[in-house]
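In the two assemblies presented below, chain A is common to both, partnered first by chain B and then by chain C.
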Partner chain A sequence: MSNTSENPNPSSSSAKITLKTSDNELFEVEEAVAMKFCTVKQYFEDEKDNDVAARGSSTVIPLPNVHSAVLARLISYCKKLPQSNAVADNHEEEETKKKERKQYGTPGDLVDLISAANYLDFKEGLEFFNQALADHIQNKSVEYVRKFFGIKGDFEPHEEEKYREEYAWAFEGVDED
Partner chain B sequence: MLLKAGPKWEDLNKDCLVNVVTRLGMKSLLIVIPFVCKSWYRVSLDPSCWQTINFQEIKYGHQSWYHFSSAYAFFKSIIKRSQGNATTVMLPTLCTEEVLRYLASKCPALKALYFPSAIWDNSSFVLPKLICKWKNLELLKLGNSINMVKILEGISLHCKNFCQLDIDSTAYIGRRAAAAIPTLLPNIKYLNLRRANISRTGLKRILRGCKKLVHLDVRDSVGFECDDKLLKLGSHISNFQIFKDDDAYIVGFIGEVEIYAGFEENASET
Partner chain C sequence: MLPGDCVSKILSFTSPADAFRSSMVSSMFHSAAKSDIVWEMFLPTDYKDGVSRLITPLTFTTKKELFVCLCNPVLIDGGRKSFKLEKSSGKISYMLSARELSITWSNDPMQWSWKSIPQSRNRIEVLSKRVIDGTEGISNERKDGWMEIELGKFFSGEANEEVKMSLMEVKGYQLKGGIIIEGIEVRPLH
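Then we have the complex of A and B:
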């Protein structure tokens, strides 16, 4: 984990911003990284104080909806954004990107990352993690999706049948009835 | 998992889940997502899942999951789901006038409409009368050049934001149709005439008349030979594709391009 907890030393070359997570961890991050999060950016604009460099890490931005473990992951993703964000224009590149997306952990991790990216209004991250999650369920059966994500089917058998009937035309052997 | 308690699917913002499931395509949205659980079922019915409707995902020969006879009912039910929010529709190969009329009456917000590549497809016969319903139309892909002049007339009258025209698959673009492009769509930005058959005079008119073009693709087109004069006329277009991507040597042998067209698909994409 790359967070520097309770680090009072702001004497590095580039401007830093301190973010405080839901579990009260402090993260000192470079301004360029923090500004990827529109929610953070908005915070500064609302304060009408864009002089981040001068105030530096004396400003602490609270992120009550983001856990430190999630924020650490988002920050590390942010740092390698340039490569990951290039548009894949052929099959090989798409495969590489798919592999890259797979590395971002279990579906549970992705749900956390998506929720946090959504709260932080971090567009590139949201795009990436949404696609990563979609990769997991692409071309999979209902049973697989349920098992994979630990979702319990909450349809009563007769309900499920009723819903399936709505889609009857979409299934094989529709004209049995 | 990153958090000890573990995330709950119900906690995931609905917009996020919509974003994820729309990436899966129509088939998943119809026969997988709804049956996972009740909340996913509700998500699959959300109109925002149906802003982009790609009927071309349904392939011929895989008719097991829908029946020819109920095709119209199927198309209608899908279009209905968008509740008028659909902005991009890729029409099916089975498209009929009926489907097109229904789409025009239900989806006024349409921005992009794609016809399938089919020389025999005649659903576009009715298109000139329907164009007026789509005031926000920006992109139109035609599968052939039937009725093209009338269609472009409708666009120039009703679609103020129109900027992209694609005509696919060896369509023959006659003298009148070629002249109609610069006359009726002088502000067009993207024009894709790949593999079309267009005369040199027609192409010259387009190059002279469409000053705002940023993209023109006439690769593998027949009917003209590329030379410096044409290239010069098109010098204002930042993305002017007239050669085959990989085989620039083909310049001057445009007549042969047709022969290679079949192999071109994969070669130029890499």
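Then we have the complex of A and C:
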């Protein structure tokens, strides 16, 4: 974990902002990184307007919905943001991007990353992790997707049967789980 | 669990087939999979242009409804062309009717005649060869009952380039007849 709360050199050249996670960990991050999280940016600007803190480094921004483990991963993602999220225009490029997305761990991790990115309004991250999750469920069966998200189907058996009949073509040829 | 908007966003990175199937995961997925966020991504980028050229305007309230409508061939450009989306991928295919093609002697009634036939998707005339003579071609039967001959494959690059398609006899000079040309279909490969 890249917890930098005990930065020995608080007066370093670039401005730092302190973020406090749900498990009370403190993260001191560069302003440029923190400003990618729109929720943080908004909070920071409001604080500035209120003149509560003249110096950014003295403000602690609470993030009650984000766990330290997830924030650490989001920050490290921020630091090596891919050049662009644009749709790859050839097969090879798409495969490289897929590999890059695969590095972001298990499905459970991705759900946490997406929830946090959504709360933080971190658009680039959200786009990237959503796509990474989409890679996992593409061409998979309904049962697989339910297990993946840990949710139960809540349709009446006859409703489900009717739908599966009507859209039989969409249920054919899915990957083996 | 993730909020519905996030699920919609995730589904928008899959395919129409995935979205149709995902509707059955749960009622939350069902509503997330209906979202315009999802279907906007599955419609071709230039769908607005295609829709503006329809000869019979479509009525739809959601992007998904529009997508479903466009999975059946729709006539554009005065009925001389049509297009449709492939329901599983959203890829577009076009049909250029016989009236859009340049066919040698097509205006000579001794050679060809223009007819309206109800089976034609183009709803305008097809071109029928007058002179009857037994011929064999390399053709495949389609689901809609027409026969088709593959003219070739091409890669549509990034730039807007023109593609020329043509068909001609290269050996034998017998008279042929009984052939009815509906048009040329341009469709995506997999």
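In this text, the second predicted complex is superposed on the first by the 126 of 177 C-alpha atoms of A that agree within 3 Å, B and C clash if a C-alpha of one lies under 4 Å from a C-alpha of the other, contacts with A are read in each partner's own complex, and residues count from 1 in each chain.
The criterion applied here is as follows: a contact is a pair of C-beta atoms (placed from the backbone, for glycine too) under 8 Å apart; a residue touches a chain by one contact, two chains touch by 3 or more.
All figures in this text were calculated on a predicted structure; none of them were measured in a lab.
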Touching partner for A:His67 - first (chain B), second (chain C), both, neither: first
Which superposed partner A:Ile151 touches (first chain B, second chain C, both, neither): both
Dominant toucher of chain A (residue count), chain B or chain C: B
First (chain B), second (chain C), both or neither touched by A:Gln131: both
Touched partner set for A:Glu25, first chain B, second chain C, both or neither: neither
Partner chain(s) touched by A:Ser115 [first = chain B, second = chain C, both, neither]: both
Footprint overlap on chain A, where chain B in one structure and chain C in the other make contact: 111, 114-115, 118, 126, 130-131, 133-134, 137-139, 141-142, 145-146, 149, 151-155, 160, 163-164, 167, 169-171, 174
Partner chain C, residues of chain A touching it in the complex: 89, 111, 114-115, 118, 126-127, 130-131, 133-135, 137-139, 141-142, 145-146, 149-155, 160, 163-164, 167, 169-171, 174
In the complex with chain B, residue positions of chain A that touch it: 67, 69-70, 73, 90-92, 105-106, 108-109, 111-115, 118, 126, 130-131, 133-134, 137-142, 145-146, 149, 151-155, 160, 163-164, 167, 169-172, 174-175
Chain B residues touching chain A - in the complex, by the definition given at the top: 1-3, 6-7, 9, 11-13, 15-16, 19-21, 23-24, 28, 30-38, 40-41, 64-67, 70, 73-74, 269-270
Touching residues (chain side chain C, partner chain A) in the complex: 1-3, 5-6, 9-15, 17-18, 20-30, 87-88, 158
